[in-house]
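Below is the structure I would like to discuss, written out as structure tokens.
Labels for the chains are A, B, C, D, E, F, G and H, by order of writing; each one numbers its residues from 1.
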Amino acid sequence: MAPCKLTAINNRKKVAKMKTLLIALAASALITAPLVAQDTLQQTSIATTLAVDIAQAAVSACTADGYNVSAAVTDRSGVLLALVRSQNAGPHTVNASTQKAFTSASSRNPTSAIAENVSKNPVAAGMADIPGFLVLAGGVPIKAGKDTIGAIGVAGAPGGNLDEACANEAIEKVSARIN
Amino acid sequence: MAPCKLTAINNRKKVAKMKTLLIALAASALITAPLVAQDTLQQTSIATTLAVDIAQAAVSACTADGYNVSAAVTDRSGVLLALVRSQNAGPHTVNASTQKAFTSASSRNPTSAIAENVSKNPVAAGMADIPGFLVLAGGVPIKAGKDTIGAIGVAGAPGGNLDEACANEAIEKVSARIN
Amino acid sequence: MAPCKLTAINNRKKVAKMKTLLIALAASALITAPLVAQDTLQQTSIATTLAVDIAQAAVSACTADGYNVSAAVTDRSGVLLALVRSQNAGPHTVNASTQKAFTSASSRNPTSAIAENVSKNPVAAGMADIPGFLVLAGGVPIKAGKDTIGAIGVAGAPGGNLDEACANEAIEKVSARIN
Amino acid sequence: MAPCKLTAINNRKKVAKMKTLLIALAASALITAPLVAQDTLQQTSIATTLAVDIAQAAVSACTADGYNVSAAVTDRSGVLLALVRSQNAGPHTVNASTQKAFTSASSRNPTSAIAENVSKNPVAAGMADIPGFLVLAGGVPIKAGKDTIGAIGVAGAPGGNLDEACANEAIEKVSARIN
Amino acid sequence: MAPCKLTAINNRKKVAKMKTLLIALAASALITAPLVAQDTLQQTSIATTLAVDIAQAAVSACTADGYNVSAAVTDRSGVLLALVRSQNAGPHTVNASTQKAFTSASSRNPTSAIAENVSKNPVAAGMADIPGFLVLAGGVPIKAGKDTIGAIGVAGAPGGNLDEACANEAIEKVSARIN
Amino acid sequence: MAPCKLTAINNRKKVAKMKTLLIALAASALITAPLVAQDTLQQTSIATTLAVDIAQAAVSACTADGYNVSAAVTDRSGVLLALVRSQNAGPHTVNASTQKAFTSASSRNPTSAIAENVSKNPVAAGMADIPGFLVLAGGVPIKAGKDTIGAIGVAGAPGGNLDEACANEAIEKVSARIN
Amino acid sequence: MAPCKLTAINNRKKVAKMKTLLIALAASALITAPLVAQDTLQQTSIATTLAVDIAQAAVSACTADGYNVSAAVTDRSGVLLALVRSQNAGPHTVNASTQKAFTSASSRNPTSAIAENVSKNPVAAGMADIPGFLVLAGGVPIKAGKDTIGAIGVAGAPGGNLDEACANEAIEKVSARIN
Amino acid sequence: MAPCKLTAINNRKKVAKMKTLLIALAASALITAPLVAQDTLQQTSIATTLAVDIAQAAVSACTADGYNVSAAVTDRSGVLLALVRSQNAGPHTVNASTQKAFTSASSRNPTSAIAENVSKNPVAAGMADIPGFLVLAGGVPIKAGKDTIGAIGVAGAPGGNLDEACANEAIEKVSARIN
């Protein structure tokens, strides 16, 4: 693999450009710093009813496509609010969907974007090892404007992009109730 | 504690009697042994729709009593099918309800019965250390006749007996759909 | 231990009374159920600045008493916001203080109350096995009125009651900034 | 590695084609969605006797080739039914074979296919991090027609493809008893 | 519980006597110290074939009594050689039987003896927390003369003493092949 | 067990007295608080050579008594410096000895003292659940004057008090090299 | 990827050169071997006050850049001394920052250097799997001269190099207090 | 990365050849299958004294080169017999050396060979995820003829090949005592 690597060393600018893309992509994680130190703060999070509806909508969307999945919805802190598993989805989908949701809630990014970045930026491989993270498409933040108020993770379809499509379909379905 | 213990040694028959009670209580775990070796078998398990309904019913029952809980429903193998957490229930209730459900699905007994037995039978204390078990009231098997086809676990009410009451109320509500 | 146990069986009413006490004690976990289903909710949590101040105040309070401790402060979801360890406190105090804080944030009760209940109510022993819980005095919820907005956990003093005293002293010191 | 990567960016269509292949390969995971919501369902799983026979057959097949292995057989939910370890197989083969079997039972695919896909599709690398999964050849679903009713995992031969060969030989040996 | 405890303090001699009993009971763990330092040693362990036979015999013995169990057999180092689970035994029995076998192989004592001691000797409670241990009846060492060459663990019967009976029955059945 | 417990409630003073004893016993954990905040500090810890000698001395002491044990020695931060296992000691003794040493290094107390306190003070039971702790006799701090500079843990003898005796014998043997 | 790999095989010298670079880079881990065996040693570590100041400085530096992060500071043994999390930083940043700090304290290298090496040296990939390690930029040793006396880890910025910049800025700010 | 990969697909024969090399390299894992089923077997393992000597020799060899390491020696089952850590080696070296030794004892191969294979054979990447394995140079089997009777793992030098050199030097030093 040496030539590829040596070339990489000779192409530091390209690597730098990739890093900038990575930053741009992840930039939704930025929140303007508070001007004055505060002692308490108000945070918006999704409620149980909405979480159950989103999870069910995602499972239904995938079932309509012929895929058996689990869908997990967390609050803004990444704590599970609702999980629905198709009775034909494998047991691994429970943890996989939950960890995808946690990853998106905590990083405020779709897991597909993180997976894409990690696959292109070898020095970022460690992101997949952060405790609780699962860097695999299918996790999507649930946002009210720019504020991440929860996240959904879907697992079990034959491809993370298919899981993600069900997640997005579910979020779209309830969008009127969030913003 | 010595005198109590020494008395215990002098009262082996009573201990034996307690063990018999323990066996009687747990006897629902017995399933008649098959007469002929079989290569495959048919098993009944609850489906997703029913699982979601039971979980929601349990959360509603506890909410009506003023308690914020998580309710987890597993299939007969102890794998999660549905989880609903009240947005005001603490994060620990996610794992607590899931483990209570697993304990009941796998042991085919209410966790309250196991907790009662363990508290009275010191040599059985190790049951609480079995991986995946949570020996605390609030887990209840879901049965079709004598066959355990799933389980529910509830956590978050100020007392395991209150969690269990919500679990039982939820099972009762759907009983017509099971048998 | 048999006679003690058998007596216990003959004293079911007393056990019941104890359970009621347990419920009363833990009743602060109750939050009135919402009348109407909501899709999102606002939650108050402590901010970083306050968390650091509380953690430092607790370590200082214990240092003044001659005890080397760690103090951990979490937000309302039980996620760490600040941790300070005295350089002379043992390494175990990092996890011990963090888990005490999580236990109090999630259960909305002092860990001393849970420990007291568990020690008197053998069927509740399983509470100590809930993932993330450490049932040992030294964890205290941080409240704004009746709302738990965070928690502190202190570990390292020679007795949980001493840890708890430092925690309470620190909360008292900042009370004007919370309510 | 940059040139390879940059080329990849310029070849998005090829990546898309690979993803389609991946989907095709994994398509055995699809199960037609039920038209009507059901409350309970019947599932077929392998029984103990068959599981022990398959595990022993796999160990024998590998022993005949001169390899010391463990063979694990799970039911359709991925729970171990039988494990046999050659006394000369290393201790790591116990967990390795069990996790390979779980991976195949839960994903309904041979682990070799998943490993092949992951190695060609960098964004899918996270599949190897799903809790309980071991993405390494040697796990094979046991099917009755199109229905996955269990799985076998073999570990210890000097190459996953050799482990897989023993697994397939064992399944073939009992095929008349399944379908 | 105070009077019991205070009495215990006044009865230190009895406690001492109990400790002596404990030692006597566990004395089978003693192996005469080698007179000369050696660089390598020969150890006897059970082989795969025997392990499978013992595991199957234990499951059969329990099935005959109407109990659904898992039986795990380890070599002298506590590494699994064979596991058989009745298709009607809960998933928790896999780990429970394996850990019982490890506990007996490593401590060279039946788990029932350890459980009995722990229940009578509060300062020994920590034995149940040793990583890999499950202090619950049902684990039995397999001995060739005084040398522990493996162990069996059984789990799933409604009482550890019943699990142990199946384990002993299985060992007895193969005793001619060991000594 | 109720009468014992109820009596306990009527004997709060005795409980208080016990707590005071607990504090006194653990008082060696106290280190006078620094008067001035410092940025760096000097700490004394045992070195490798001494650690190996202590571990070997402890194994030898137990071998002389006919017990097969592991002995683990950590530095002042609880990180392993040396471990020696008798080839006839069970595999569980590796972790058991290491955790006993960590517990003593971090708490600066013998594990026997902690076990004694926990057994007499039910509200302190949670100490056994602190991550990394093993509350079982056999762990002893290694001190230079009042400063804990390391710890030893011994496991495998038929009784924690016997493990502790070997640990103390080993420390005594090297005492001239420490102070 | 085959051609790259095959070329690599034909370019063993280049691989060897890369390994040498790796060694040079990591050479700060070397500490001259002691000429005489010692029984105890003196070690310098950072104190609590300094640790809190560094953690706060790092969070402030990142906040000024518009990034919400956690900053963790450990002593020379990798044990946490201080952690500060911005209230807007995700929950994963707590563990991520702590593990980055541990990795740098224990390896005495910036995590960015390890990540760079691992990404260029495939046979070193296992470094990312060492328990407690997180190989991702953002961890930096805190040095007094050549002696590593602690470490800081920062996590949460959209890129490890940005995390590292905040870490370095914080160390620089307190440099006068260390050397 | 697509072109590399597509080429790989067009070069299946080369991949096959690489797999054959992998098999050849790992062939030391083969042990001729027993002709007759046996009930017990005799196994040779290294003893404590030799284990301690090897561990100390490895630490000394690395110290002479200026590297601070941990050295762990296991018996043939991968259970630790001796561990020695240089007081200047980081805390991560304890687990790293122990896991390297386990990996070599259980696979009967140097970890450098496994790392080399994994780096060249992407479908074998999962080997690094086998529980207990650390696929990083520095682990070496200890053999009596062709029989693996233990293993050593070294960690802490700035490069796994340097760790391995110390391990080999230590084994060579005691070779007369093994064969």
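The rule is simple: a residue touches a chain if its C-beta (ideal position, glycine included) is under 8 Å from a C-beta of that chain, and two chains touch if they have at least 3 such contacts.
Not measured: the values here are computed from a predicted model.
Chemist: Starting at subunit B, figure out the least number of steps needed to reach subunit H through touching chains.
Modeler: So the least number of steps between the two chains is 2.
Chemist: Give the pair among A-G, B-C or A-C whose set of contact pairs overlaps with that of E-H by over half, matching residues by number.
Modeler: It is A-C that reproduces the contact pattern of E-H.
Chemist: Find the geometric centre of each of subunit C and subunit E from their Cα atoms only, then give the gap between the two centres in Å, rounded to an integer.
Modeler: Inter-chain centre distance comes to 38 Å.
Chemist: Rounded to a whole Å, what is the gap between the Cα centroids of subunit B and subunit G?
Modeler: Here the centre of subunit G sits 46 Å away from the centre of subunit B.
Chemist: Any idea how many Å lie between the Cα centroids of subunit B and subunit D?
Modeler: 32
Chemist: Can you tell me which residues of subunit A touch two or more of the remaining chains?
Modeler: Touching at least two other chains: 1, 4-5, 8, 41, 45-47, 75, 77, 79, 87, 91, 122.
Chemist: Okay, in this complex, where on subunit B does subunit E touch?
Modeler: Going by the criterion above, the answer is residues 1-6, 8, 19, 22-23, 25-27, 29-33, 41, 77-78, 102-103, 105-108, 122-127, 129-133.
Chemist: If you look only at subunit D, which of its residues touch subunit H in the complex?
Modeler: The contact residues of subunit D facing subunit H are 1, 4-5, 7-8, 11, 14-15, 18, 63-64, 66-68, 87-88, 90-93, 95-96, 99, 111-112, 115-116, 118-120, 122, 128, 134-137, 155-162.
Chemist: Could you please specify the touching residues of subunit G with respect to subunit C in the complex?
Modeler: My answer: residues 45-48, 52, 56, 59, 75, 77, 79-87, 91, 94.
Chemist: Residues of subunit H touching subunit E in their complex?
Modeler: Per the touch definition, subunit H meets subunit E at residues 37-47, 49-50, 75, 77, 79, 144, 149, 174, 177-178.
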